[in-house]
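Heads up, the thing below is written out as structure tokens.
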Amino acid sequence: MAEAARVNPLVPQVGRITRIIDETPDVKTFHVTTEAGKPFTPMPGQLAMLSLLDVGEAMFSITSQGLEHLELAIKKVGMLTDALHEAEPGQAVGIRGPYGNGFPVEELKGKDLLFIGGGIGLAPVRSLINYCIEHRQDYGHLWIIYGARSPADLCFKDDLFKNWPQVENCRVDVTVDKGDAEWKGHEGFVPAFVEELHPDPAGKVAITCGPPIMIKFVLQSMEKLGYKDEQIITTLEMRMKCGIGKCGRCNLGSCYVCLDGPVFTLAQLKQLPNEY
Amino acid sequence: MKGIQEQMRARARELLAQGAVQMVIGWEKGTFWYLSPPAFVTDPEDCDRLVWDEFCTNNLAKYLLDYKHTGDRIALFVKGCDARGIVRLLQDNQIDREKVYLIGIKCPGVKDGRQAAALGEARRGEVPLAEKCRYCTHPEPVLYDELLAGDAAAREAAPGEGRFAEVAKVEAMSPDERYAFWTAAYDRCLRCYACRNVCPACNCRECIFDRSQSGWCGKQMQRSENMFFAITRAMHVAGRCIECGECERVCPEGIPIMALNKKIIKDLNELFGEYEAGVDLEKMPPLGQYKLDDPEEFH
Amino acid sequence: MQRVLQYMGLEPERFQARWVSGSEGPRFAETITRLTEDIRALGPNRKLRDGA
Amino acid sequence: MVAAAQHPHIQLVTYAEVENVAGYVGNFEVTIRKKARSVDPVKCTGCGTCWEKCPTKVESEFDLGLGKRKAIYLPFPQAVPAVPVIDREHCRQFTKGKCGVCQKVCPAKAVDYEQQDEVVTEKFGAIVVATGYDLFQWEEVYGEYGYGKYPDVITGMHFERLNNASGPTGGKIVRPSDGKEPQTVVFIKCVGSRDEAKGKSYCSRACCMYTAKHAHQVLEKIPGGQAIVFYMDIRTPGKAYEEFLQRTVHEGAVYVRGRVSRVFQEGDKLIVRGEDTLLGRQVEVAADMVVLATAMVPSQGWDQVAKMLGLQADKDGFFQEAHPKLRPVETFTAGVFLAGACQGPKDIPDTVSQASAAAVKVCQLFAKDEIATDPMVAVVDESICSGCAMCEKICPYKAITIKTITERVAGKQVSRRVSSVNSGLCQGCGACSVACPSSAMNLKGFTNEQILAEVDAVCL
Amino acid sequence: MSVAAAEKGWEPKIVAFCCHWCAYAGADLAGLNRLQYPANARIVRVPCSGRVNPQFVLRAFQRGADGVLVAG
Amino acid sequence: MLKIIRDKLPELLTAWARGARVLVPRERGGTRVFLPWEGEGELALGQGNTLEPPKDLFFPRTETMYRYQVQGKDASLAEEPAADARQVLVGVRSCDAKSLAIMDDAFLTKGYVDEFYRQRRENTRVIALACTEASPTCFCTAFGIDPGRAEGVDVQMWPVEGGYLLEAVTEAGQELLRQAGDLLAEEGDAQPPAAAVPPLQVDVSGVTEKLQRMFEHPYWTAVSRKCLGCGACTYLCPTCYCFDIQGENQGDSGYKFRCWDSCMFSEYTRMAGGHNPRPSKKERLRNRFLHKLQYFPERYGKFACVGCGRCLDRCPVNVDITRVIREVKEVTL
């Protein structure tokens, strides 16, 4: 960390949005790069502070990366995200990171992985899915269970319906809370869907992310299915400002989500105060 | 004063034991002899914590907001200014009259803990009345369900003049002197918002100063934004200030906040006729309504 | 409002309220002219200002 | 009037007062107190037997005290509906408990002494305010015209009654004091109007023409009669108005430019002393009768009407139209329209035009099931609103009400009060957004954020 | 911009909040009648002078206005 | 050991002020705070501690981080030049000296170094002043702090009859004393005066462990009832270091700054969508105490409280951390 000390961690690099993909009516994926190329090389599950300099700054999970760019999938929820959704390719942004611990890619090696995502919660998980696909030989069976409110709200449709199903030893199951005239897939909430699909806990690690209410019921379902707390990994969301464990607000007990998280096993979370 | 304290404890015990109320809010002895902070009693056995002495300064009315949605009925001891705080909250539709039980105390005036601390316990008898109490116009509660026996006669009748002495002093200055006076005061402001949080007129669900995103006021602690806060806060309580003096008391930096509040009271009195906030449930503050015959300072 | 700003140390001329009706073009022009002159006489305002 | 009463879609409610107006455009709820007439309008045929037989005589309000009416009476001969009303203050049955003549003589058995006031609440889509005018109370301020103590100093309205074929004198112009026909009649214009010192600053607008008419009538009806008109200016804008004035002048009416400084009695005559400013000398006229053209003022009770409907009034109490040029019959309260002198002094053709316009505005409103409102309306952020109701009290258009919402807080159902804006009523003035202590109230199109940004921008 | 830098060639900066119906119309009319008035006033149109929050005035001073007019 | 007579102290300060900004407790509006020494005026070294802790000098209330320009889609930013001015901080009490060590942990360790803080910290020399009298609200000894000798400072001062004794602790401290020249006289056999004995006593042993099992305890509801939720305690606390990052935008340009923030405020943890993990003052007050007495010790091995008593002194409702510690130890789980 000696040389890192000379770089001011609170000052972002100026980058640009190079591409914007409409995922759902309120989610867009932004490709961000700097003149020097990729702003930094994050590990799956890590975070980036993205800012429109004249609007504000917020922490987002990095959903994927290319050789030259980072991808962030962002849902419209407030002032900054509203402004980002108005932006066009070419827009200059501030970006700093990577932050957080990321997924324990080493520990997961050789295991079968069950990904459970809901809505925008697929964004952080996707970075790990893509990582596992890149390092396909290191990981066992990949099983992706994903749901959204409606067919229109499904994020990363190309991945869900084209890319991932083609990957070897990979299974994708998609559900929506309520379908429409064209929807031929499964209808129902994610937790019930998980119970229906009944993924066997043996040799598996489950990675789940989604809205708090979904997580709550998914965890109940997982317990029913026999998953142990150590077998469940989730990522948390918090209000963050500094990203480097100083400013104080994202603490869970003595952990800072921006530094020690956002990825926790359920076993770890149960040790921490329930304040998220 | 012993009498009042005993009555307080006895009534609190009865009310809690009968189940007439779920909580009693009063005062208890604090860390030091000169502190009597608020006390919240829910157990009839616990009522001997309650005290009544010259340091029972805190205005308790504001706490009712914390229990707005609990459905509990709460008994509250009210001095004159506490009762006016209650009236303000009622006028702003913040609390249900049925959910509070007010036990009035004829207030002989309270004393300032900080002045007391400076004098020392040996000279307890010499601690002067708090500034706000010297010009108090309503030592007896304006609203109550029962009134504890005792009398407020310990203090001379409220002198009318002097109430705005501080204001007159500032008014006498030149604009530049005034600006220097206020910036010197508000340069010290920490923006801890204690003045806001203690004020019974500040009862917004969410203060604009807690919503920096809304763009009203930045969070920078600097002169212009501190002054923005100062003026905005003062305008906000305009016509609603009950002169309980709590804002000034709680200010850790000792900013003369009441000199600003009183200026507005004085002006409103001049413009719209004498009005005392929180005295009469039926009389709404002059700025909270419009009348065809409102005076205009437009030209 | 004017009184409070004055009390905080602002010169009274700096904040004014005027009635000007929709049919009073000349009055509007006159109001602005007078205000501008008042303020020109006072000089730049540094009070209540960011960065001051 | 008769046609209106007979129209199948028009319901005429007479002898009634509007007590309250709630609701908003398209959904007004009007509370009407129908006062007890003591006569069943359904049974009554309007035959007139009752008022013929009634033994009590009272001064007629309609004739301004120039004539008498009975205690059971029709306010005026052409009144619609032709159903009499009992004046309970004077009727012997009510004051002394005995008489009952009218009940006995009524062939239709329509008289009912037990009748009570009836209060009804009905729904209406729009309201046209046509509360008209009263006359300026000159007696109190124009001491120089005799403080109202000379019976032969009358107003133009009295003159109208005298002149009316169905009036107290059968259309004969006579002096109220002795019933003699006056020879010299002096008219004084601008009594109360255009007189900022004592009366109103505005021009009452109709007086020039009716005074010309009255002068013409004096000359026409009274052989050898003389009409002298004191005026400040003569204003005759209107089709054929100037021509009419000229005709009166040609017929012999004497127009004197100048104000009257005093009227006093000398024997049988009223001496009118004034100045002829054109000749620059004092004039004195010994008149038999003096007719004052008093100013029109808004009907008594205009302030209650304004409050009830959320109308604004000018300094004199005339209701304010939504825009002086472009929206002259609308008010700031959606669905409320103005017709006639309640908006300002007017003569008959203007009143009819405005009334017709108001009627058409109503038709326009009713032609659609939905109305388009201005997009600049107030909106509440319920998450911030603390329900203090400051906005409700400050809203000049009564567009804000307090409603109760329920939400989950920490897993518990909690209900609390918040403001709610009726966008049909809101006129977008923004007063509420300033009154709101929490800035929960905002104005679309002029949001706090937008204005702050604009302030920032103009200050660059 | 610092206060000192702003002082060179200083011209009063006036923020005028004008009621859409009254003063703003008055300003329009002044324009129509080709009346000269100083260009120092920067007009912010509001639907009604009652829309002017005290905070808007404060903000104007914060941002460097030398004078503020509310015209209704 | 060196001694300076009281009247000469201003001269010494002036000497130091030639190469640095000297900050020393002075009177301002009826309260004492660290203010720059500009050669004249009264000092307020005697009457107990300052109202505001010196943390502002390392971690300013508001600090610009960088400026930016935005034009259409383009943007650029420039870092604010480093705060490299030298500072000499005179008259720091042992409690506040200890707080600097706590701030150092927060800002300089655990993977990231806060450059803004580091610059100021490295450029500041600290001269401590021993306490011989304690305020009623003092309880520094509860945290093992010696009011008679501060930790981690460059020079230690003691008030004595007619002046002050000084002792350099670090190399930099010696340099400072050398600058004093003949203002100082050698007092070979002088003994530092006896340290003050704080009147408030509280035993903090075991409190961290107890708190670890008390997160859901109803005690927090009871203790938070009277709290007003203001930020006075946090802003006056020498060890509270929470901050917020915000921007100030005007037209095409603006700057990002950081400013003090308080965990007592509702906005502090509220997320963009409106969810707030610490929705009421109970959670916020709990977090404050747990941070001081449990989380910080867990993470950095020391309490984040130095017993300066400022929060206790200025709390409008007498929320008393010593009482909380005592009560926490007493409550039954």
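Points to keep in mind about this one:
Each chain gets a letter, A, B, C, D, E and F, in the order it is written, and its residues are counted from 1.
The rule is simple: a contact is a pair of C-beta atoms (placed from the backbone, for glycine too) under 8 Å apart; a residue touches a chain by one contact, two chains touch by 3 or more.
What you are looking at is a predicted structure, and each value in this text was computed from that prediction instead of being measured.
Shared contact partners of chain E and chain F, listed by label, are B, D.
In summary, the chains found to touch both chain D and chain E are B. Measuring from the average of all protein CA coordinates, the nearest chain centre is that of B.
At the far end from chain A, in terms of centres built from Cα atoms, lies D. The mean-CA centres of chain B and chain F are about 31 angstrom from one another, to the nearest whole unit. Measuring from the averaged C-alpha position of chain C to that of chain E gives a distance of 9 Å.
Inter-chain centre distance (chain D to chain F, centres taken as mean C-alpha positions): 74 Å. Between chain A and chain E, the centres computed from C-alpha atoms are 49 Å apart. Chain contacts: chain C has residues 1, 5, 10, 16-19, 22, 47-52 touching two or more partner chains. Residue positions of chain E touching 2 or more other chains: 21, 54-55, 58-59, 62-65, 72. Each of the following residues of chain D touches two or more other chains: 383, 431, 448, 452, 456, 460.
Contact residues on chain B toward chain D in their complex (touch as defined above): 68-69, 92-94, 203-208, 214-216, 236, 284, 287-290, 292.
Contact residues on chain F toward chain B in their complex (touch as defined above): 28-31, 51-52, 61-62, 136-137, 200, 222, 225-226, 228-232, 234-236, 244, 246, 248, 257, 259-262, 265-267, 281, 312, 314, 316-320, 322-323. Chain E makes touch with chain D in their complex at residues 13, 15, 21, 42-44, 46-48, 50-53, 55-56, 59-60, 63-65.
Within the complex, the chain D residues that touch chain F are 383, 410, 456-457, 460. Chain C contributes residues 1-12, 16-19, 47-52 to its touches with chain B in the complex.
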